[in-house]
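Notes to accompany the following structure.
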Amino acid sequence: MHELVERLYPLCRSITGDGVRRTLEIIGELVPLDVHEVPTGTQVLDWNVPKEWNIRDAYVKDPTGAKVVDFAESNLHVVGYSVPVSARMPLAELRGHLHTLPDQPGLIPYRTSYYAEDWGFCLRHETLESLRDGEYEVVVDSTLADGHLTYAEHVVPGRTSEEVLISCHTCHPSLANDNLAGIAVATQLARRLATTSPRYTYRFLFAPGTIGSITWLARNRDTVERIRHGLVLACAGDGGGLTYKRSRRGDTQIDRAVGHVLRTSGRPHRTVDFSPYGYDERQYCSPGFDLPVGCLTRSTYAGYPEYHTSGDNPAFVLPESLEDTLETCWEVTRVLEEDRRVLNLSPYGEPQLGRRGLYGALGGRSDTKQAQLAMLWVLNLSDGTRTLLDVAERACLPFRAVAEAAQSLEDAGLVREWNP
Amino acid sequence: MHELVERLYPLCRSITGDGVRRTLEIIGELVPLDVHEVPTGTQVLDWNVPKEWNIRDAYVKDPTGAKVVDFAESNLHVVGYSVPVSARMPLAELRGHLHTLPDQPGLIPYRTSYYAEDWGFCLRHETLESLRDGEYEVVVDSTLADGHLTYAEHVVPGRTSEEVLISCHTCHPSLANDNLAGIAVATQLARRLATTSPRYTYRFLFAPGTIGSITWLARNRDTVERIRHGLVLACAGDGGGLTYKRSRRGDTQIDRAVGHVLRTSGRPHRTVDFSPYGYDERQYCSPGFDLPVGCLTRSTYAGYPEYHTSGDNPAFVLPESLEDTLETCWEVTRVLEEDRRVLNLSPYGEPQLGRRGLYGALGGRSDTKQAQLAMLWVLNLSDGTRTLLDVAERACLPFRAVAEAAQSLEDAGLVREWNP
Amino acid sequence: MHELVERLYPLCRSITGDGVRRTLEIIGELVPLDVHEVPTGTQVLDWNVPKEWNIRDAYVKDPTGAKVVDFAESNLHVVGYSVPVSARMPLAELRGHLHTLPDQPGLIPYRTSYYAEDWGFCLRHETLESLRDGEYEVVVDSTLADGHLTYAEHVVPGRTSEEVLISCHTCHPSLANDNLAGIAVATQLARRLATTSPRYTYRFLFAPGTIGSITWLARNRDTVERIRHGLVLACAGDGGGLTYKRSRRGDTQIDRAVGHVLRTSGRPHRTVDFSPYGYDERQYCSPGFDLPVGCLTRSTYAGYPEYHTSGDNPAFVLPESLEDTLETCWEVTRVLEEDRRVLNLSPYGEPQLGRRGLYGALGGRSDTKQAQLAMLWVLNLSDGTRTLLDVAERACLPFRAVAEAAQSLEDAGLVREWNP
């Protein structure tokens, strides 16, 4: 996964353009993608698909002709969606187009101007401090013209048409944790799910933030009801603990599944309520759709100093963090796939487990194993009102242990699958 | 407000009598009052209006003829409703009629005997200690006879007949925080509301504790259903933080509004559940009426050492505390007046706020302003199930910010008022 | 109660056999018992009544002929339900039949093998360590043959056929806290209840753990619906604080009554949710029956180092702990017996308590007595929706005070019993 992050890092992505297409080509080498091109001007919900932006070069030369800001060094140097410019101007005038972080003088900020035609440069504050007065040359060799917005889908077919949506944004240029890490985890999760025969159909969406999910929602408005659970993956690789942001409804199966996996994982983690600010869950959880989609990150949106700066580079993303996020996603899919309701067929008193080889023969010991406790919990609570996840939550046992106990009891004929 | 407290302080109030009438005259100079006189013996709910009590003088002279206890020095010296007496008796016999605070020897307690005919004096315990044996002269020049119970109402008319009740008791003699402070805050709140054109009709009640509110309830039994929200104001001026005691129902709009204002004010405060002991909320929240009336105080009923003693004097009431209580009441009325339900007219995805000048043009920054967050919250939660107060509570934002965001969105045509 | 513990301690009890019969004879000297004998092989729910086990002697002799393990010294030395054996074998072979506690080398463990025919000895680990290699003689003089399972009931008749079940297990050999203490408390509680004319019929069950309650449930399947409340009593005499384990439903009257008594007792205590592991509540709370039965202990099941070892002897049981558990049970029965619903007949405003001699005449004091507060709470909350226990819980007052206040108010004609 970290290799993918490194490989995608140099590309200049935005909400449209060839950087996104190139990114999707590379992802497509790992999982087959269905790429969609949506023309500029297309009405999508309350929005319109913007013009397509591409850039070849950009720089600022000081009075001596030295390049003091250079797109070739980092694509963060140019404000996203900067219109073409070729001009000479005094520093005083240029300053209005320069963005820095005075509190983090060594870092380049990330800025965009998608919907207001403008141009600008982002640079280290220490560089700005070093600039001398005089006439500067400014060049932005970009095009902003009718074209397309590009996004892609990958589907792992399931035994049912009910879908799990995994969504990650593809619009950020050289920023590694946000969101190449999310892209890498999603890609690996898709490959791992493809080795199974899942109950759910898993739809992976790679699209630009906000306008991309809005475009997808507009074009799939009649089929979104298929989505039973969903996760937005972002900031999936930094060194912080995992954070789960619940869906707008707050108590959906995905909220409960992720919450359970995190609680029983022993990992440091946080779960927070939904708020209408962050990533594409903002769109999926808008009141008209109100989809059961949460957001899984490590450090949160705008929650770390390197966020949206040149400090968010491949070195900031840890291979073990990517693995940990992937494993968590995998465990969550296990709960979604395996949760079910069983019915205790011997509900009057406890059935004699020992006779069936399910219970230790020697009595009196005070150390009962988790497997035996899990069986007792499944028997006691499986009256048709509770699922295995309900049992696991009530018993404070890992879902895995409860699911295995239910299987043992089913094999012994003590419970049967129950679908009201 | 503090001037009013000082001016009313010397008057000898009780649950009936000329002290109450004089108090209402002075309040009437600030807000027009509708004064009611209810004859002795009138049946009011389970009670009867008692005889009217008036007192001119009272003292205790020691064997040397020196006045050791003198009504002229403090009206707390006489037990409220003491019957007339003129007698000579040894100290031993007199002691049975003397009330002191051994733990607070320098303070005069406040005692009454409204419903059991008796007489008595309250004095500093240190004074009692200094009394020598011998024959004492006791005089209480009072009258207890058929008359009237006096209370007053002031109404600020609103655009609807739904009412907000503000109630404070007028029966305490020279006690400043309890309850001249409540009277002063209520009077100022009435004057401030009169400068607006409120949605609710605000009814201010100045009446003696318990028997006064019972009398008012008895005489307004058929119209109390007009009362949508209410507050009992008492102990409104001491140096302690604000305390809100919820209504019996506990989750009414007034409970939520006061709770929200206190939570978002940054002020130290407490909110406590209803209990059937305290001020006139006892009557308003009796199960037959069960009105949505809470009680706002600073230090609580019987919750400070000076309570019901000569220590509760004008110096114990701080002008800034009176201001703070008034401001809190004002903010509460803002919530009551401005809370409403709006409907998001663009619920599928987020509407494009930037196009409408409601969102910053430069993207990528991580410092989003409260105003923008408030708009996102209003849009996300305004599905017809929530009011602006619901939104403010869920978003942990001040009601003010949410109400302004709703107005901006309404002006932009993105939401509309919604009345199911 | 401690004398009973000491008297019963030496008997070798098990889930069947003469030790149980002798135990019931002794209990029968204190309260009349209805003893039931259920034949081996009888089907009881999912189980069958096992063979009856009796033992006369058992020992292990070392190569020198010295008895190194002797049933006569402690009946814990033999694994419960050991089949007869008379053999000579080397220590290496014998070891497979020896059970010790390496972490508690000075204590004899308690072990059984009810449902897998086997034999074994339990001994101090330090004894095991001292054994020298060589040929050992092993004798278990027991019989395992068709017979009966024995349990007993004692009933304190009530004014109604609604029952309260008090259940304690009788299957443990020389273990004092688990469960001779529970037996002793149950016996005393029965004697104390017999001095009253209770509303409920109290059924005391003395039966072996698991198979005993299963047998009782099987034979009373059609009448268990009479059980309105129940308690399993165990570990009732150690020095730890009380622990209440709620019923499966978690919010039944017994759960609320015990919780209230513990909360208002000032005693250190714990209340924990139901789990399907512990004593016979496992059977009563199996989903088919789901009876409102909780479990009251001091230290919990498997919750103390002496648990199921020779350390659980009469010295481990404290007379004052037995008294404290008994008193708690008694207070719980008071709540069950006296809880009721009253209706405030004067719900508009507070009735004038003073006129009826229910309120102090002298006003102004800030120290109101609990009795008066309790009356105000009963009046305020008795609108037909709440029982006296509801009132006590809401008011944070002891049930006793609330019940007495309700009686005073009923005597004054201010409330009446209310049965919807």
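Of note:
First chain written, first letter: the chains are A, B and C, and each begins at residue 1.
Heads up, the rule we're going with is that a contact is a pair of C-beta atoms (placed from the backbone, for glycine too) under 8 Å apart; a residue touches a chain by one contact, two chains touch by 3 or more.
Computed from a prediction, not measured in an experiment: that's the story for all the values here.
Rotation angle relating chain A to chain C: 120°, from a CA superposition, given to the nearest 5.
Shared numbers divided by all numbers used gives the overlap of an interface; between chain B and chain C this overlap falls below half, so the copies present different residues. Centres computed as Cα averages put chain B at a distance of 53 Å from chain C. Counting partner chains per residue, chain A has no residue touching two or more of them. Across the complex, chain A is touched by residues 45-47, 79-80, 99, 109-116, 118, 210, 213-214, 217-218, 221, 248, 275-277, 282-283, 285-290, 302, 307-308 of chain C.
Within the complex formed with chain C, the residues of chain A that make contact are 344, 346-352, 354-355, 361-366, 368, 373, 376-377, 379-383, 395.
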